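Labels run A, B, C and D following the written order; every chain starts at residue 1.
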Amino acid sequence: MKKEFDVKDLNLAEQGRWRIEWALKEMPVIRSMMDRFHKERPLDGVKLSGCLHITSETANLARALQTAGADFVLTASNPLSTQDDVAAALVSAFEIPVYAIKGEDTATYYQHLNAALDHRPNITMDDGADLVSLLHKERSAQLPDIIGGTEETTTGVIRLRAMAAKGALKFPVIAVNDADTKHLFDNRYGTGQSTLDGIIRATNILIAGKVFVVAGYGWCSRGIAMRARGLGANVIVTEIDPLKALEAVMDGFRVMPMNEAAPQADFICSATGDKNVIDKHHFEIMKDGCCVSNSGHFNVEINIPALEAMAVEKRQPRAFVDEYQLADGRIIRLLGEGRLINLAAAEGHPAAVMDMSFANQAMSAVYMFANGKNLDNQVYSVPKEIDQEIARFKLESMGIKIDTLTPEQETYLNSWEEGT
Amino acid sequence: MKKEFDVKDLNLAEQGRWRIEWALKEMPVIRSMMDRFHKERPLDGVKLSGCLHITSETANLARALQTAGADFVLTASNPLSTQDDVAAALVSAFEIPVYAIKGEDTATYYQHLNAALDHRPNITMDDGADLVSLLHKERSAQLPDIIGGTEETTTGVIRLRAMAAKGALKFPVIAVNDADTKHLFDNRYGTGQSTLDGIIRATNILIAGKVFVVAGYGWCSRGIAMRARGLGANVIVTEIDPLKALEAVMDGFRVMPMNEAAPQADFICSATGDKNVIDKHHFEIMKDGCCVSNSGHFNVEINIPALEAMAVEKRQPRAFVDEYQLADGRIIRLLGEGRLINLAAAEGHPAAVMDMSFANQAMSAVYMFANGKNLDNQVYSVPKEIDQEIARFKLESMGIKIDTLTPEQETYLNSWEEGT
Amino acid sequence: MKKEFDVKDLNLAEQGRWRIEWALKEMPVIRSMMDRFHKERPLDGVKLSGCLHITSETANLARALQTAGADFVLTASNPLSTQDDVAAALVSAFEIPVYAIKGEDTATYYQHLNAALDHRPNITMDDGADLVSLLHKERSAQLPDIIGGTEETTTGVIRLRAMAAKGALKFPVIAVNDADTKHLFDNRYGTGQSTLDGIIRATNILIAGKVFVVAGYGWCSRGIAMRARGLGANVIVTEIDPLKALEAVMDGFRVMPMNEAAPQADFICSATGDKNVIDKHHFEIMKDGCCVSNSGHFNVEINIPALEAMAVEKRQPRAFVDEYQLADGRIIRLLGEGRLINLAAAEGHPAAVMDMSFANQAMSAVYMFANGKNLDNQVYSVPKEIDQEIARFKLESMGIKIDTLTPEQETYLNSWEEGT
Amino acid sequence: MKKEFDVKDLNLAEQGRWRIEWALKEMPVIRSMMDRFHKERPLDGVKLSGCLHITSETANLARALQTAGADFVLTASNPLSTQDDVAAALVSAFEIPVYAIKGEDTATYYQHLNAALDHRPNITMDDGADLVSLLHKERSAQLPDIIGGTEETTTGVIRLRAMAAKGALKFPVIAVNDADTKHLFDNRYGTGQSTLDGIIRATNILIAGKVFVVAGYGWCSRGIAMRARGLGANVIVTEIDPLKALEAVMDGFRVMPMNEAAPQADFICSATGDKNVIDKHHFEIMKDGCCVSNSGHFNVEINIPALEAMAVEKRQPRAFVDEYQLADGRIIRLLGEGRLINLAAAEGHPAAVMDMSFANQAMSAVYMFANGKNLDNQVYSVPKEIDQEIARFKLESMGIKIDTLTPEQETYLNSWEEGT
């Protein structure tokens, strides 16, 4: 008997399937994991509900969990990111129930969340803590079924930690974002490439020889700075943390306050996590034609309301470019409406980046199933061994071998660490 | 009285105008030139016919020539590259007659060429020598009107040189492609960025950590190698010229024959100007999933017929990607059907690159008008002073000042060169 | 009355003074600190004994402590690194008692250590925990005088942590090596530059186009890889940690086991902290002429005894290069006798790197004086504020300003972190 | 019977021999050439006189010529660069007569030049045109013996071209400096590495994070800029040629006039070929502690007399560093007395660079012997085939293979070039 589901149109399944297969090619870690899961079936008999962006990469995570023996259902963590063809393919080609329709209204969204919990999961998999919230607020009767959960995002983790701090969290959750194989790679390499990709798609401007200002020198912004330099730009970094600022200097970048950088900039891209990093007084001193974009959290990094108020005219000469003409004639170009430019004008993280992120999800679910009973109702980091194993899988998938310690070397290291 | 023209739809003019204005922002050299032309009117009274790709950048060249006083008409050098909205805007917003409709048939194409010559030009501006050919072959009666011409492409120049060698060329032509401000910049920086842009748009694959093979180490391929490295790839170069190969080695790249490089490659991009650089015996040894693309002349660099013959199945998982499945199960991905990937999957050269190229066109036309009578019926390089002046304009437009020799330094240099 | 001392020759003082002043120019953080210490005298009345390498940089640390009001004496932490002219200048130009003579024997070494403790310090400053050891083992009567200590090296910290774990440590110690302004900078930038400097001084071989193998991808080895690439080498990284290996891949380096890398290498440099990383079976497969060096801890990283045993002849064609001829005719070149190549063949860390390290020492001493009474007898990290302040001093010294959070931004960040 | 010679001390031969062997290891092209010359003896019976710097690299050129069958004698082109141990080894180990003593006076210098011509050469090999000059001015009776000559330096070539222009040159000369395998490699890679090497040896200052100004963007200065960036500097370029300036901008460097760059600089290095590039008005605006050096021709690039005049005090804190204290207290540091810093403070070009340069010398001598009778009394470039062959030898010596054109590709290229 076929399970229930709610997707837009099953006729889209064929197209969705090709996209899922394309993504799988770029997800070698998930592929390796599927090989192992096929033999070991480490989630045999577990009921698992996921609330994630319904994309071709997520589809492959779903397939991996299915291969591991899990009875898995999926709902959307964001009504806008659902790929309807992928949802259709999951249902009809892979028999994984999905509740997600792109652009669904709020009522449908919650109906779908509830459908995912009607599955009576033992493990939850969240991207924003929505399943966990709903379970704790409205469906606490189900809590005894739950062994534990996993959470993809920083935002979700903050919410869960607040709950744990008050003793309100009723089962353990693993914070996937903390894994080195996640944040060291998707922020630096994923955001780096896709941000420049978004900017070039939006503008088709030659980067070489341009002054490119990056706000921040955290992992994301350092990825952006590295790639802008790699495309020939002269990069300026702004920071508030003197240590990071100093690293930027030692890496050969110019560092200065934004009000000195802005008048020189051909491009400014903010990735700080804070608001109004590019503010009214910066617009006032920018060069004519400066391209402003955001690659941080949310679209608050750029003070768009101030720009709107300053403008005497606004037009869209290209998709993803709004030109704001100021009273003095200068034009400021806002890319992608100030939303994350790699999502707005390009395609977000490449599959290879999601591969490691989702491998952490899958391995964390397996770990939770095996060890959840012994964990406290806290937020846990991904165990170091999982991180190492994922890195190892990834290297193998690239055909790369590395050294191992000889017994003699191991002894030496240990003795030295013991100080003898 | 309005002049004649033949474009698709004048209603497209408004959209075309914005695109022309956007491009002008990125064409500061043409802008500077327009300022000067406005004062000096160096082409006053000259009749000029251009046969060029009808794009927003060409539109700005046309405006510059108009500002210089030229009576200018424009026809398309390629039926496929015409931007109909730009053509419409040229006619209705700038009163420049255009004969070009995207996708026009061969008969119309020649009718348009003839219309451009009905203008009875004194100077021709070619991108492939079509106007010059037609004049010599079918409209030689007009030859006495002609002072000279300019030619944009290498292909055209080869044809013209062959004519000149046989004494068949009846007026002087300046080869714009030879200018340093053209070939040093569009090949290296333009092709470099736009090739990677095309590959990323086609595949959305993370470049960092991938093995990227570039065939060739000429200006184009060195631009590609530089940008692939700048995006985190491990780059291998193949060459047939030992000197260029050695430069690639000294620049830190690995160099090896294609049959050693192909089995390691995640990406192979050819930019050599020769045929079958990526051939049947290379497909036979590639890794599963290898992405093959071309950024050289024409689509002969990749032996596509061989690939077609080897494939047991072919499908298109993404736009601009054809997957060829071979009998042994491996998949080879051909990007952009083997055509220039920066045109097929991205937007070709950024405007800033065309800016310098077209500035050479405009300045060469001015030079031809002033000096054509004294030139032989040969192919000439762009005069060094024009190259220098364009570079100077470009630097000024970027707000960059440079040093000048003091009289003392000039004396020293001269005395030293004289060996005294 | 002049204090006691034991240095080689006071006549060397003039020369030593110039070297101290040269170093001070490159130690802007220490200079800034001296300005502040001059006003605030935060160590007024404190007796301080230091056991450090007696170099021109250490001399400036001593001057800073003196300016802060400390009554400071200095003994050598290593009999070989003492710069006799600097020792003389400290005594005669700056009136800081020093007990150190280059090449002194073990008896003198201990006599000097005891002299430094005869000073009856309140705070100790160690580079290898020798003062702390002597105090605990032989001079425990003095322990009540001690407020606390600081320790420069990882080796010392390991020893101290072992003592603390057993409850044997009788006063608190700050581990200076943990400071970000120390290990992020001296390992990456200091070791990176000085290692390549040492290799080039030893060999004068052109790095561009060579295959350069770096063992390890920790902070030191990553600095070496970065600089080798910056000099045009094609860099291969070997690792045992899959995560670091993966980072190296994503940074565009080739990664493979040493037994695959060794046969390709023109240079191999090890910086892992482990022994026999370059071992007998690697020598057996190296190319003729391969240059082997060490930039890690101690000279155990290269299995020199094995190399000695394999060699049929040994000679020294240049200073710091030993050529070992093997039975099959191949020559292996060992640089700097396998000792840290940046010390053996170059001058160790540049002063700018020691500047931040010693600023941590000085600030930690001040912190210890102010807070030591409230600390447990444990090993402490350098307080985050000190790290930040040193980075800030350093930026100021370079004339670099950075942004500060607006109140609005601070509020936003806090609210977000609180999850509201 | 032993030939004549004049060297300092034959007892130095053993040490000289090791240095010659070391250099030979790094001169694979000369080694390959020796193998071929051994079989083919292309200079059998030719008398050849060389006037070159007497270094270990030159010694290997001499051995190669000897192997080719030449009867070769050697005199010094510069009295200061002679390595006396190498001279001794050439005489006693290799039986090549040498007339050169380090520091010899002018009379001895000319006596040695004459001794080299007493050898009655058929071919001359010059580094500054001294043999050619002497032959034309004082020993014209010998001119009929001469088939032709080779010349290493630009300075020499300028002198020879002036002679040729006046019809005064009496035999053909090949200008070795024009070869791509010479100037593309020694200027860019050789000067690049050795200049930074010289600066670091002189100062031991950390380059990372420093502002490094390079005057010029020719081959030498571009090598310097590339290496300074590779060591982590923030590089500014100054230029007088707008085209080169534009290339520097597109390569991501900042470009500005020297009077804007000087106040920001931690380092300034000039490599322009002109005088007073770093002048009085630049010293006036430099930061305290700025390190000024020269890597161009001669020591005129820096206006040292002006600096001397401005200084109130001068001292030498380190070898190769002169500190000039100005009236306002600022210190300007002049490195290596303004002479070429890579020679003054380091060891000049690595042997690998001289390898290709001297391979051009040897092959040009062979070419001259075979073809000199058919050449005019002009200055010739190195034939393209020699350039290609040397590059091929070099690649082979590195174990690097490259592709060759298939017949089909060759046909395609030719047909295309013919425009058919």
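Just so we're on the same page, a residue touches a chain if its C-beta (ideal position, glycine included) is under 8 Å from a C-beta of that chain, and two chains touch if they have at least 3 such contacts.
What you see is a predicted model; the values in this text were computed from it and never measured.
Participant: With centres defined as the mean of C-alpha atoms, identify the chain lying farthest from subunit D.
Facilitator: Result for the farthest chain: A.
Participant: Is the C-beta contact count larger for A-C or for C-D?
Facilitator: When C-D is set beside A-C, the one with more contacts is A-C.
Participant: Return the distance between the CA-based centres of subunit A and subunit D, expressed in whole Å.
Facilitator: 54
Participant: Just curious, how far off is subunit D from subunit C if you go by their C-alpha centres, in Å?
Facilitator: Chain centroid spacing, subunit C to subunit D, equals 38 Å.
Participant: Multi-chain contacts in subunit A: which residues touch at least two other chains?
Facilitator: In subunit A, the residues touching two or more other chains are 189, 208-209, 229, 232, 246, 249-250, 398.
Participant: For subunit D, which residues are in contact with subunit B within the complex?
Facilitator: That would be residues 158-159, 161-162, 180-181, 184-185, 188-189, 238-243, 245-247, 249-250, 255-258, 260, 273-277, 300, 387-388, 391-392, 394-395, 398, 400-406, 408-409, 412-413, 416-419 of subunit D.
Participant: Contact residues on subunit C for subunit D in the complex?
Facilitator: Spelled out, the residues of subunit C in touch with subunit D are 18-19, 21-22, 25-26, 189-190, 192-193, 197, 200-201, 204-209, 226-227, 229-232, 289, 315, 317-318, 331, 346-347, 350-353, 398.
Participant: Per the contact definition, I'd like the list of subunit B residues that touch subunit C in the complex.
Facilitator: Residues in contact with subunit C: 208-209, 229, 232-234, 246, 249-254.
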